[in-house]
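Several structures are given next for inspection.
Two complexes, one shared chain (chain A), two partners (chain B, chain C).
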Partner chain A sequence: MEAAKVTLSRKARLGAALRRIWAPFRRVSLLSWLLGALAAVVMEQIAGTQVAWILGLSKIPFLFGFAIVLETAVHTPSALPFVLVSAVLYVSIIYILPVLLVARLTTGLGNRIAAFFMNRSFFLGVVVHLVLLYATIHIWSDISDYRVLVMRLTLIAIMVTLSLNLVNGYMGEFSCSHPGFMALGAYAASVFSLVFFVDDRLFGAPLLPASMGPFMFPLGLIAGGLVAALGAILVAVPSFKTRGDYLAIISLAFMFIVKSLFENLEFVGGPRGMGGQPEWASLPVVFGWAILSVWIINNFVRSTVGKAMNAVRDGEGAAEAMTVNTQKTKMVTFLFAAFWAGVAGGLLAHVVSYVNPGSFGIQKLAEVLAMVYFGGLNSVVGSVVGAVGYSVLSEALRSLEIYKWIIIPVLLILVMIFRPTGLIAFKEFDVAKLIAPKDERIEGEEVEYAPIAD
Partner chain B sequence: MDLFLQNFFSLQNVVNALQLGSFYALIALGYSMVYGVLMLFNFAHGDVFMTGSYIGFFIASGLVGLSAAGILPLPNWLILALTIMLAMILTAFVGMAIERIGYRPLRDAPRASAAITGLMIGIILETGNLAILGASRQKFPELIPTVTIEFAGTRITNTKIMIVGLSLLLMIGLHQFVRRTKWGMAMRAMAFDFVVVPLMGVPLNAIAALTFALGSALAAAAGIFFGMAYPILDPYMGILFGWKAFVAAILGGRGSVLGAALAGFLLGFIEIFVATIFPSTFRDLIAFSIILLILTFRPHGFFGEPYSARLRL
Partner chain C sequence: MPLLQIEDMTHFFGGLRAVHNYNLEAEPGQVRGLIGPNGAGKTTIFNLITGVYQPTEGRITFDGVDITGMKPSQIASLGLGRTFQNLQLWRHMSVIDHVKLARYSRIKYGLVGAFFGTPKRHLEEAEIDAKAHELLQMMSIDHLADQIVTNLPYGAQRRVEMARALATEPKILFLDEPTAGMNPEELIQMMEIIRQVHNELGLAIFLIEHRMKVVMDLCDIVQTLVFGEVIAEGTPEEIRNNPEVIDAYLGKEVVA
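Take a look at the complex of A and B:
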């Protein structure tokens, strides 16, 4: 009894201390944070190499120092303390310090600008935030090709995770067919590019001048998405007749069928796969599509259909009784999710310039499911966090080789046990709230938020 | 054409299909029981099959080694019997451990979350195996000298007959257990309604552990039979077998022992006979297409009854 009281008060004291440290940053708006991040990456661009050199690191640590610390721990443990200190110093000097400093210094300005945007033109505000975000990402990635690749793959992972979250989180079904949809999209978009714009071993001379390619690329991606949606009809028609775990099995069988189909289609390369896609999926293109997908999917889940989705999940009979057209809702959602998975697959094919059936199997399924459930069901922010977190973790642990595939599953199991619906589940993503100025009086230190019911 | 038909309907193919089918059936039973009793997809089950196979491999190699060194001279058939029994018991404990670690803490969580833990435990088993034993493939020791029996123009090895026979025996045993014993009755009751039945004094945790233990023991038997039929083991062998058996379990109907066994054999027959007509790369494509077709017209499988999945999310 006494002990419990002590720990409680200790916890409260810790919380109070954290709040005191955080106090100067409570009124920092998103705009200021973005400015801070921009300052940090510019700083890295200008002085990163020198700082790394002074700290005794051979090059700029590419992933906030995680990768280099782990690599040292694995290969040369004797140098670990030195590298650890250097990495921490590097991250503090290059990232943390500028972010905090600039964010704090521009707090007033940022709030005023944000208020201006909110009052005059919300749209302009969003655009300015996106431009700042893109600039940050671009400058950060500019350090090395590896960062560009990781960044593009992460953005694609966000799209896939979001689209699967529509079915598994918002609609409460369990779909296993996303790798299949990605494969359909990837192959369709690749065939589109290769037939029209590339002189290729499989399809011969291009039908259109190659210079038109980048402008027609969105059409190819949309075609990929539509093909994936077409495939989704094959899954949806038989499986939405009954409720339950039916979709899980049908979609699993569908995934195997798609993979096996591409292995047997010789005109797209069979099991060897198909290469030579032009690298049109550059960072700005992928960023644009990712933002588009987040925007559209976020609007979708907040629309009437989105509400209907949740109603179907929570009680299909009740939803039906309340005049929700459950059949239509399920079909629309599933096809919509498949479309975005197809687009993401098409982008992926043009990032790595190669597709083969083997990469759209069980492994991919486990990865995508892990991202969705890690981040959180029924939540756009959760999906972004899940995809980014999983990708970063996966890259950071790369030097551990196969032990990576023990650590990641263990982490995920822990997340499942302690937060069964994922890290950030059931949160609405409200852009207006996100970019709003934060300088209204924040009062009431004693305000306690009610615990979120599980 | 005559020759083709003769090949197609040959006893050889039937025996091969029976052998392959018994692997699928034994694994599918584990899925089916867990799904029936707890309404969970145990995605780690394919890797339990792999684990059972490796456990059997170590026991068999150890006993053969002891026997050869003269410390514990045993006849080969006894080694085989001991291997099967010990491996089944040990793998049953592995299954119970999986239930305890991965599923019991999540009993009140959304079912999909439990499916994810299962998937992750499977990956841990595969990677753990790879990390401990390395990438080299292991060869299962030959315990029984292969004797080929000529019968009506076909050649059948004694191992195949033994595998099919023992598998059938195990399945009949399980069926009897579920039908006749008190524990089996408790399992069936739990499958009927796992909300109310625990209130009647049936211990949910014990039944769950029992279900996992039985399923894992059968998977271990399948693993050893697999090692005898195709003597090469590798850490990823459970994946494809497991997922296919999972689909077979659903095809059989929720919680139906008979259905899962039947669907397993059906899958074996489809795969073997497709491979005699088409190039073998078409095997998965056609097998899954047939299953998809069957499920379209019989959504609850062969012996399943319509039910409402209590999705708790």
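Take a look at the complex of A and C:
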């Protein structure tokens, strides 16, 4: 009894201490955090190799030390303690310290700038934040090609997760056809690129000069998205007459139909697939599309028109009685989601310069579903967290080989037990709140923020 | 011309005749009641008029438009609002979103506005928001605007449903047992709200009720339904004294 009390109070004391240490950071605005992150990646760019060398690591740890620690644990367990300490030190010196230091030092400045943005130009504020974010990502990725690849795949995963969340989270249906939509988008965009701009085995000489390619690439992606949306009509028309399980079954069937369709279409390479897509999906391009999709999808889900999706999910009868056109809402949502899955597929094909039917099967479906349910239903932030979390985890555990497919599902099961709707579910993503200054004093000084539309 | 006219409406569920030759002529601003024992087909009549079911026979004319066979959302946007017997709120949505969404059919910014957040959209959303808060104030639940509905007490949830139904700007409001499950105090408040809605907005009201006190106090004309057929129609006073009604409905209560 006595002992329990003591540990409890010790725990409470520890909690209080942690809160005291963290207190100043509660006033750090997003701007300062981004500056901190930028400082960290610049630090790595300048001194990463030297720090790694001093710590006895052969090269810069690519994924915050996870990969290298696990690799050592699997292959040379004897060296594990040493590598573990080195990795922790590396991450602390290169990432954690600079981020905390810069965030703390620029707290006041960051809040003042953030307040300035809120009062003068919200748009400029958003642009500045995006530029900082991109700079951070770019410099971080600059260390190795592997990082560039992981980053691009993660950004694409964000797009796919968000678009599936529209159907499965916001609208509460269970759709399994997303890999099919991605495949349609990937093939359509690839055919567009190969026919018009590349001299290749399947389609022969290009119809347009290759130099125009990168500028026409968005058109190819949009075409991919539209083809995917067209495919979505095929699923939607028969299945939206009913609800629930039927859509799940029909959409699953659709995914397999698309896969076997491409396996049997010889003019796009059949089961061997189709290669040679030019690498137009560079990091800035993928970043741009990902931001665009987040922006448009977030606009949609926060509008009253978009909230009709939630009403369809929580009570279709009541939605109809309140003048909501549920049929149109379901159609629009499904096509809209398919469009973004198609665009993401097109980007994916141009990241890996290869597309084959096999990569759009049940495994892809499991991955996308995992990202949605891991991150959180009905939440843009949740989808971003889910996609990034799953992608990073999947890469970090790569060296565990087969055990990776035990650990990830177990984690998912744990999430489902303790947070059945996902880590960050049913949250609105309010950009204005995100980039607002966090310092009460500065907030108090300012007369008032300019009215910001949502 | 009556606001809502129903001629010889009959409905079968399979072989079961749920409603037989139902007729109604509701004038603008009138408060009408529909009473009857459990299973008499009261809610079915509501569902037939609001388009949830299609009547097997008969014709429904609302405000000069033949609405027989229209989708519920179309009928609702013509000005026929309703609440439900067992609350049908959207469990993950906030109070204010409920009321805002009921203005769906009036939104003009369309998908372009929804996707790209055009200035037109922000203007319209601000209008919808203001209108929604007005209705919440009328129901005196404005302080709960940002709450998720499932966190609210029952009485407040009823008010949310009422505010939501009013947000569709109905010409006639269908209330399916608006006082079901309420304690006496909540009952009196709800009756006050119904009166207020009727007087301030000049709505016609059509209500299903079990509690005779509510019907007698509020209604101009009452119909009594037994096994899908209207057996009596008249003022509350007439209904109360009608021997058939007493036999079929009130009489049983006295015996019990």
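Definition applied: the second predicted complex is superposed on the first by the 425 of 454 C-alpha atoms of A that agree within 3 Å, B and C clash if a C-alpha of one lies under 4 Å from a C-alpha of the other, contacts with A are read in each partner's own complex, and residues count from 1 in each chain.
To be clear about the criterion, contacts are C-beta pairs under 8 Å (C-beta built on N, C-alpha and C of every residue); 3 or more make two chains touch, one makes a residue touch a chain.
Bear in mind the structure is a predicted one, so any value in this text is a computation, not a measurement.
When the shared chain is aligned, no partner comes close enough to touch A:45: not chain B, not chain C. More residues of chain A lie in contact with B than with the other chain of the pair chain B and chain C. In the superposition on chain A, A:332 makes contact with chain C only, while chain B stays out of contact range. Of the two partner chains, neither chain B nor chain C is touched by A:282.
When the two complexes are overlaid on their common chain A, residue A:264 makes contact with chain B while staying clear of chain C. Look at A:296: by the touch rule set out above, it reaches chain C but stays clear of chain B. The contact surfaces that chain B and chain C form on chain A in the two complexes overlap at residues 313.
Chain A contributes residues 296, 299-300, 303-308, 310-311, 313-315, 317-327, 332, 378, 426, 453-454 to its touches with chain C in the complex.
Here chain C touches chain A in the complex through residues 50-52, 71-73, 76-77, 81-82, 84, 88-93, 97, 100-107, 109-111, 113-117, 119, 121-122, 125-126, 128, 164-165, 167-168, going by the rule given at the top. The residues of chain B lying in touch with chain A in their complex are 41, 101-102, 105-106, 109-110, 112-117, 119-121, 123-124, 126-128, 130-131, 239, 243, 246-247, 250, 279, 281-282, 284-285, 288-289, 291-292, 295-296, 299-300, 306-309, 311, 313. Those residues of chain A that touch chain B in the shared complex are 168, 172, 174, 238, 241-246, 248-250, 252-254, 256-257, 259-261, 263-264, 271, 313, 362, 366, 369-370, 373, 377, 402-403, 405-406, 409-410, 412-413, 416-417, 420-421.
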